[in-house]
């Protein structure tokens, strides 16, 4: 067999399992969703088998006036979710990046133990973790009690049920999502390159921006993606720590499937979000492919 | 006080090893490098050359001692604030930058405008023979090309002091010579000082104002190339630099008598009249011809004649079994043919070319 | 058919470059390496030496051509099934393994039992002078030490064929010589064949059974060291290997007449009677002394005399302004002193040592 | 220099200390509140008790006599086991498959590679509820019986993507020449993977696996839809219970799971350090 | 034999199940859901294997329309006589041929007397008090329940689908949003600890009131309120219809219903069972409201396509800042 042939075999061995898996267990559901998004909602959930594009009209601005109306409120929800997800990404990055550097310099054994320590808290249930923050942030919570007792404040602060609390909670639950990829690339940073940069007169900040950041960019990008996407759809944190006073994308879609029993509209919303994100991601993949073949492959 | 660009005072560095011992990479080194000097570090693999450079550039923290650059104490100064650039032994090119970006990095950091920078990058790449390769990535270059990028990157900003860690080791002879000339030009035209590490002794001897021979983290001799070669301080330097025939024996007023009866003539001088010593005769000081018949000689049996380009190496031994090496210029073809036939040679030498090393200098 | 260990037939490889052009790293190379031969590749930086080795070991896929190792077509054989080990130019040591693990890797993969492996590792490390360093990590070694680990790692399994990409470049002269002897021992005792890349020409000339001079992805000359040096095929080889004085002119039955009027004597032979040619005189073939008065000579004005250890390099020019280089053995001190005073020298040569390169050979 | 570096390193360590404090302070609180005797409202401290632990471990307790609805502890324990089994299996599968794709996409050039790379993000992008319901419809119509298997399959669809991303981050810019060196020394692809690629990838693989594990342990919506009658996972159990208030045993279970994992990991660390 | 029960989380006393298992040797598997819609979506998606579900009355009607429920003729069983006929609320099943009424309760206001400084009577009272003292309260995170509060406060029926009425309801809720700390089910803990003064909650909060009568209270607002009722139904796809029927029959027994109520603090349709419950439950007029109070309670009906109007205003309520 030629070398190219061998490579094809290897490639096939590596890709076939996942490709098959996706072809069956992901493409199937995806098709179901796409088809659903073009159907009319059944009266009690489910679908009616009629072609019905107005699910999209309701989001994009063309609507079936008899039945559905265009409503910019959905775009507003989308933007708001984007904003919170973006804040979350930035905050988790700030929390995780320096720690990744610190842990990457420990000895082999301690490194892995630290990784484990970071994920350990997440072995408990999401809800338990979040409720603890309720315990901490609420009016009669620990922070307020301590501040009151210390005489720093005379009225409890409004900590819980705020946007700040939402971002805090998001950061808390997404720490490992950011940490893992960032750590994976920070850990293999070639410090001789940092030395070379310092040697050429670049100060710490310049070295950070020109050398460390680009070389760890794959990890940052990976972390940003896997924090951003779940954060965009997350509604548990806004419910528990934000008091569900605002609607998030995740809520909106869930609401369509459950209380509004409008599966096609829910599917259409999901499709729109996926397409928007896919376009962004594809641009990212293209860009990273063109920029340094070596850094982002 | 001398006008030194770098001054090391008692610089010491020890690395712990997994075997539980420790390696002394720098053993209380004192060193002054003069402004505009070209100083070469020579020494066996692992003797501390890289460590010494890294201490100067600030990447190895000394266990003890001080480093002054240009009169200022730099011991605690971070690397980026030292007026020093380095060609790293393993190049350390930035993989995510192109050749052009790598080369222009120091200028970019210094805030040089893009147009000017690109001009200087082009000039620097031109100098190292990589014109037009600005757009490549380091991994798309051959080993020697990478090394040249490292060189261009280090010199572009014209630092006061350049540290070069085997910067030409991956280059062929012609390119190497061209680079040597460029480096000497930088030295004379810009007044840059150099500390240069090389394993190419010819390079060390031709390029340097002074050579420091290191071993085990210590400076064995710091001197001009001529003195290093002709008048080594001790037998380590004698055998490390160049090829050598060393005869250990008792000095007897112009004769050095070895235990096996070989006698070497030398020109006695103060302190070289009696006592134990080693006589050094370089292979090229042993002539195969009969010329200069009044010279002393060694008769040897020839074991091997090896062609090394411009000359032949003659390996042989005396009647007493002592190994002797001589270098026969390739021009002397006729003699070579003769020797190849008879397997014998009379090697004469000039007593003035015999260098004596007192055995008490060999406390190494 | 000859008993070749490696046979390349029309091996070609082109790399695309970001500049949009492409680099021909191997230009339809045909090459036979004999069993138990020591073949050295010489060539300027970037000429395709590493690419050639990597094609043989299987890491560069040829655009065209075939590779046979030991008579079997290996063109499509994966690297791990080729009986070849390599010392990589950049060492490629496994950073997560100790020196011992790195060195023993090939044995471990081959399933050699641990005790036996450790014995062999110790022996291999001993050979390269790294006894007792089994437990270190590559990053705790100096550059030269790393290179020696790479060497030990490649030879431990005694492959049929060893590819060495500048394997001794980071070693000092003595260590280098010791390693050279070890490699030659491997060749003679175990019958291993070698393809060796080096930029050290002396190394190439002393170690090799044959030398292949490459340029621009092509083999310019494949011959014994003597022939490469004394009888280069073309002026690229002449100038690339060793130092050279080349005089281009018209052959006129024993005299080569350059356009500026310099005349060089040579010994005419078939095909060297008339036409354009270049006369090659190696610097060491130019003698400063008056000896052999019947020899032709060149009178030069001396520009520079450079001490290079065992000799001096004389740089000068003829009355017509033609640059001439000569090598003066350091043994000839007296003449050196004279030249330094007068700044003039009469350089004689033996017409038999003048090598002619027909200009039609220079189609490079 | 020394001082500056010391300060820098010091503040980095201090920062990391804060980082761990941020992660662990809530855990300390869980531990504290797991001893809260208030049976109906875990947020209000009414006194110290160890009975929740006794309850989880199956001892008879005074609380179980008079408290109102704690007898479903068995179900809770069963849910924990289900979750662990699912998380364990999905972690193994997703890690293997996700790593394989990451390596394939890093290593090989092939047509549609960028497209494939983008596709790898898609399962993550699909909102949980959509994926859950779509998977449910898909399983039902393919005649696959809902149960542990369907949960494992369903979770793998998106966990593969997470592992893929983490491992890819590790792979980016990795040194190919080391693999060449390995092959050159006679190691075939598999041995090279085991001895050279895998050790270098390990931090990425470990990170991806840990991430997959915790995401699996937390997944609710998708799991809910594709769970069979006989499988309730911990998050499903807890969410269904939310409208009633969180059972105090949840805290006890959490603390026990954490302590157990911690002890196992520390033991491993200790044993490995003794091995050396 | 087996029985797969699909119920709300923590909505049945495990002792009941244990007792059923002991008596019949049928092994019971319990799966849970957290909302009617979740359950419907799963069944509609095609999930099978469940025998018994506990839909609210309006959901039962929907499921009947979708033909998901099995006719059981439970009304022909002798124990059915214990069931109060007033609880045949499902329009699709007026005679009890399909399902057995399970439990009911009101959705009122759970409040902290200490924080409010007084007992409250209804929503208007609550809002006035809260605004005067700078306090906050919570609402359920449930579209229909919250909009129902808005409708009731405007004097409309809770099952209205009239866009203008719904708009009014939404405006009312939006207007009270500044006083609303959160839309949440975490009401009990928040009210108990005094983080909020009061919360919109199910009568299940009586568990807390009974434990701390001094500080806590639960009131069915004077303006009116919703009530809920869940029935036990057998699915068409049930694999164990016999066991399912046995369970329905089992649950008609007063002592069984009482056993459940004593743990759940719900109302029950099983008349004799009410007498068998503990005193504090039996005597609670919150758990067992008087007939006049019952007059003020409305129960949700299936709204059909009108649901879409609610969805729209609810999204508005949630996005209003």
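To keep things simple, chains are lettered A, B, C, D and E as they appear, and every chain counts its residues starting from 1.
By definition in this document, contacts are C-beta pairs under 8 Å (C-beta built on N, C-alpha and C of every residue); 3 or more make two chains touch, one makes a residue touch a chain.
Treat the numbers as computed from the prediction; the structure is a model and nothing was measured.
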item	value
Mutual neighbours - chains that touch subunit A and subunit C alike	B, D
Contact-richer chain pair [A-B vs A-E]	A-E
Gap in Å, rounded to a whole number, between the CA centres of subunit E and subunit D	35
Averaged-CA centre spacing for the pair subunit D and subunit B, given as whole angstrom	58
Distance from the mean Cα position of subunit D to that of subunit C, given in whole angstrom	58
Per-residue multi-chain contacts in subunit D, two or more chains	42-43, 133, 137, 173, 189, 200, 239, 242
Per-residue multi-chain contacts in subunit E, two or more chains	38, 41, 186, 193
Shared interface positions of subunit C, touching two or more other chains	58, 78, 90
Touch list for subunit D against partner subunit A, complex	12-13, 15-16, 19-20, 22-27, 29-30, 33, 42-43, 97-98, 100-101, 103-108, 110, 114, 116-119, 121-131, 133-135, 137-138, 142, 153-154, 156-157, 160, 162, 165-174, 189, 200, 203-204, 206-208, 210-211, 213-214, 217-218, 220-221, 234-235, 238-239, 242, 246, 250-251, 254, 257-258, 261-262, 265-266, 269, 272-273
Subunit B partner contacts - residues on subunit C that touch it in the complex	15, 17-19, 42-46, 49-50, 89-90, 98, 132-133, 135-137, 140-145, 147-148, 165-166, 169-176, 199-202, 205-206, 225-226, 229, 239-243, 282-287, 306-311, 313, 327, 329-331, 333, 350, 352-353
Subunit E residues touching subunit A - in the complex, by the definition given at the top	35, 37-38, 40-41, 44, 62, 65-66, 138, 141-144, 177, 180-184, 186, 190, 193-196, 302, 304-305, 307-308, 310-312, 314-316, 318-319, 321
Residue ranges of subunit E touching subunit D (in the complex, touch as defined)	4, 6, 8-10, 13-15, 18, 29-34, 38, 41-42, 45-50, 185-186, 188-189, 192-193, 202, 204, 207-208, 211, 263-264
Complex contacts: residues of subunit A adjacent to subunit B	192-193, 195-204, 206-207, 210-211, 214-215, 292-295
